[in-house]
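The following blocks contain the structures, represented as structure tokens.
In what comes next, subunit A is part of two complexes: it sits with subunit B in the first one and with subunit C in the second one.
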Partner chain A sequence: MAYKPQYYPGATSVAANRRKHMAGDIEKMREVSDEDLTAILGHRAPGSDYPSTHPPLAEMGEPACSVREVVTATAGAKAGDRVRYVQFADSMYNAPATPYFRSYHAAINARGVDPGTLSGRQVVEARERDMEEVAKVQLETEMSCPGLSGLRGCTVHGHSIRLQEDGVMFDMLDRRRLENGTIIEDKDQVGVPIDRKVDLGKPMSEDEAAKRTTIYRIDNVAFRDDVEVVEWTQKVWELRTRYGFQPKN
Partner chain B sequence: MTNSVSEADNRIQVEIFPQRLLNAETAQMLLSELNKVDGVLKALIHGPRLPTMVSAGPGTGEKVNHPDRKVVQIADTVLELSISVGRIRLEVADADVKEEVRAVCERVLPFPFEYREGLYFHNRVTVSDYAKYGPDADVEMLGLSDPKSHDPICILGSTE
Partner chain C sequence: MAEKEKMFKRAMEIKFTEEFGDNKQIGGTITGKTAKYLRLGVEQSPRKVEMKKAGQEIAKKRGLVAYNPDMHCAGIPLGQRALTPYVLSGTDIVCEPDDLHFVNNAAMQQMWDDIRRSCVVGLDLAHETLEKRLGKEVTPETINHYLEVVNHAMPGAAVVQEHMVETHPALVDDCYVKVYTGDDELADEIDSQFVVNINKEFDAEQAAQIKASIGKTTWQAVHIPTIVSRTTDGAQTSRWMAMQVGMSFIAAYNMCAGEAAVADLAFSAKHAGLVSMSEMLPARRARGPNEPGGLSFGHMADIIQTSRVDKKDPAHVSLEVVGAGCMLYDQIWLGSYMSGGVGFTQYATAAYTNNILDDNTYHDVDYINDKYGGAANLGTDNKAPATIETVKDIATESTIYGLENYEKYPTVLEDHFGGSQRATMLAAASGVSTALATGNGNAGLSAWYLSMYLHKEAHGRLGFFGYDLQDQCGATNVFSYQSDEGEPLELRGANYPNYAMNVGHQGGYAGIASGAHSSRGDAFAVNPLIKLCFADALLPFDFTQPRREFGRGAIREFVPAGERSLIIPAK
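And now, the complex of A and B:
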């Protein structure tokens, strides 16, 4: 029998969603074109070539190295792309993902990425085309709800603020808004206007967001309702505490 | 300290905390209705800022044009909302006015809200107030302004 990783304990819907995010077993829910993605990321003009920071590896004449022979370079590294970032913010009001699970998803399912996990935002740094691949997956699948999560290179504090009247996460820079039932983004992730209106799709309903979220909340699925998760959290806590206790004398 | 509101006063301070941030139209409607209630003595609106320009990151200096940054009219006074209204704190004359305010909120707000009594405006002169206003500070104005804001306190019905 083939080995199947057991990413996360728990029997609740939140635990199941956490496992799905980590395993990359996520449902595609919307389509964002490559040009639209490039526009809202804001690193280069849509349709332009990827700027490079060094010549393609094939032209560089790499030194003989057993590690280089074992590890295949990613597409971005092969082409010599610049390192660029994508940063997401997810609302605490039942957004599908959280910074930790975006990081787990990127680190487990993509190569050559450097995920950074913060309290209210999550950044992935990688070669430009590798980063775009991760961003596209996270944006188009159930990991994101256009209303409850968003690309935010700066000013991310909407994640911890109450939702707006229309159920959309507050954005001080008004990068995207609800128009005729769908979320329209007309600025890039740092708030610079772009030359198009990118349709990010319909936001999830409250019930759907509650079903797809990876956040334990007392008003949805409470952390303490998941006995197995509590047990494992306490076990990890105890083991790391014991390991950290190292009397010198 | 002698600069304080009389302790014999029946004044009550309350906070309205809606479940959602109010958009400009709802905020205007609620503030207008609250203005019609006799006995509302002070009001303070609070919420996340709606800046006119991007202030951090590579987009610094770009205009924001947030749709909720609107000019609203309350009674005869026109003011620009520079925040998204998240909570409203009031000082009201007595317990009857408090219940009237609750009824207004139930009528105007399309979603649930928390309504609680507490101490939200300080009513004695602090060292900061002394530094800002000097020894003759008007106690009615205490705690009404954001120390970081350059916007003046709005007195409804006043031409200033």
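And now, the complex of A and C:
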């Protein structure tokens, strides 16, 4: 019987959404062009070549190495791309993703990525074109809501802050805003103005965000009501605790 | 059952629904999920306006730019949200956020000064050496005389030398030596000005515990001048003490300064009975004794004196230790010695402002008392068993209660805007309350780790990766017997391997260590000598109520020691 990963316990919609993020089984909801993505990431001018830190691997004459033979280099590594980042902030008011599930998504579904997980932001570092692939997937699918999620390289605060009156996550640097029903971004990740207005699409309705979210909240799916998740967490803690308590050793 | 009014309600109203300074934030509720962001910048805060003006004056005076809030985010200053005040937990003091940075708060500085400049040194070995090796008679009269001499000498005055320079007493008036002993008869015969009176400072039960612990031994609590300690470091404290103690013995007992026997006295009087507040650190951290990195959680719990004055409220005792510990370990140790700048204050203040941790902890106390027959109340025979089941139950209830507060009260979530702040608050509440229930610090520590796991799974986030990696591996060492990875919580400290760069945790751990003992009514957590050293109202910082003292520092009412006004031009 083929192995089928059992990504996460739980009987609620939040648990199911967590499993979807981890499995990469996510619905595409919007389109962001490659040039627009490049612009808001802010690492290079849209349309320009990828800067590199070393020649393409094919030209480097790599040493004989069994690991190198087994592991196929990613496209970015093959080309010698720089390592660059994409960083998301997700509101605790039912943004679809949460930092750990963005990390799990990247780590399980992409190669050559280095996810970093914080409370208010989540960063993925990878060779530039590999990173862009992850960024595009996360931006265009149900993992993100343009109103409740955002690309933020610095000054990220917003995830825990009350929403603006228009329901959009607060952004001190005002990188993006609601205009005519869609979210428009005119600054890059670190708040530097860009030469275009990138249309990130319509924010999710409150109901839709509540349906797609991976955060437990008492006003949606309460953590205490997902008994299997609570008990599984307690079990992990108990096993680790008992393992460390070994006076016989 | 109707929900009790939240202890943080008023603080949240002050913070988020009322105008403070000129932030124009009036109205709304503390449960609303949206807010109007006026983006008024720093001009809304009286303190930031004062700081901006000061920065401009400094720049003009020195011809070199200084503080300029327009440098923030390329011209987008702080204050895009409303700049809101803080309420010191357990008090009615409301203050400017900036005034909780230790640089802006004289009380915070003095708390650390008072710890760093203190040491305990035994008198008995010195007295034995005097009697047996030097043939001197030691009586209550000679002890009184010695104490008079040493209180002259300790601040930096000469006793047997001639033509010496000395320190000006008005600069070192915070320096003194007192003694304490478990021998009531001896204590009665020593001039009361010199005595930390155990029977007066502690209730009868605690006094009996202390006296039983230290027996008839006699010890000096030495507090060298703040100004000396600030100019040097913590490791200097015992050296300064040693020099002045040695000279005072020579003077008080009319000894020859050069005879060989004095070497024996020097060792027995100055070093053999020395107890520092904290241990020296390994070379990679390069700090001597009496620096915060070597301060164990048990010592921290003993330094704070709330257990003497509010014994009937064990939760309060622990909350004061959490507050003091977070300030010292986060703001001063990790936030300054080990790092620098502004960020660490935010971690610490979450634990001692706006009554959020207090609300969670007292909720837990009610829960425990209902379910475990008053186990969180003062007592020794009322405790819940320190088992996996107890920890699991209390930590789960405590954590989910706190998580739901963040979910029901968006202003509370906004106040603890960082996940590390929330993680500290939730885990500290779980740990402290489990320690209160069981009287066991390691059971409390175990609750800390379960709380971290539950928090992470509930919100899909915890702290930043340097914050919570320890929390994701720490459960395995809670009950470890390996000496380099497991110890009773009271003996762990800021340099314990997993905790060494662990912002936002150490004050919580100190509070848990305290909780295990405060709920039993213990006179001390780990060391009666440390408890006694600070059981003294003469210290500038009031260790019975550190959170109030931080508030007094913030509103500029606290008067510190070690000031240099006497020797600098008047402004």
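Things worth noting here:
As a working rule, the second predicted complex is superposed on the first by the 244 of 249 C-alpha atoms of A that agree within 3 Å, B and C clash if a C-alpha of one lies under 4 Å from a C-alpha of the other, contacts with A are read in each partner's own complex, and residues count from 1 in each chain.
The definition used in the following text is that a residue touches a chain if its C-beta (ideal position, glycine included) is under 8 Å from a C-beta of that chain, and two chains touch if they have at least 3 such contacts.
Model, not experiment: these values are computed from the prediction.
Annotation for the three-chain superposition on subunit A: subunit B and subunit C clash. Contacts of A:Lys197 after superposition: neither subunit B nor subunit C is touched. Shared-chain residue A:Gly244: touches subunit C; no touch with subunit B. Look at A:Arg68: by the touch rule set out above, it reaches neither subunit B nor subunit C.
In the superposition on chain A, A:Leu163 makes contact with both subunit B and subunit C. When the two complexes are overlaid on their common chain A, residue A:Thr155 makes contact with subunit B and with subunit C alike. Partner contacting the larger number of subunit A residues, of subunit B and subunit C: C.
Of the two partner chains placed by superposition, only subunit C is touched by A:Val229; subunit B is not.
Look at A:Arg177: by the touch rule set out above, it reaches subunit B but stays clear of subunit C. Shared-chain residue A:His54: touches no atom of subunit B or subunit C. Common to the subunit B and subunit C interfaces on subunit A are residues 155, 157, 161-165, 167, 170, 172-174, 191.
On subunit A, the positions that touch subunit B within their shared complex are 42, 153-155, 157-158, 161-167, 170, 172-174, 177, 187-188, 190-193. Of all residues in subunit B, those touching subunit A in their complex are 18-23, 26, 48-51, 54, 56-59, 62, 64-67, 84, 86, 110-111.
On the subunit A side of its complex with subunit C, the touching residues are 18, 92-93, 97-101, 116-120, 155, 157, 159-165, 167, 170, 172-174, 191, 214-219, 222-224, 229-230, 233-234, 236-238, 240-247, 249. Taken together, the subunit C residues at the contact with subunit A in this complex read 32-37, 73-74, 76, 80-81, 388, 392, 396, 400, 403-404, 407-408, 410-411, 413-414, 416-420, 422-423, 446, 449-450, 453-454, 456-465, 475-481, 486.
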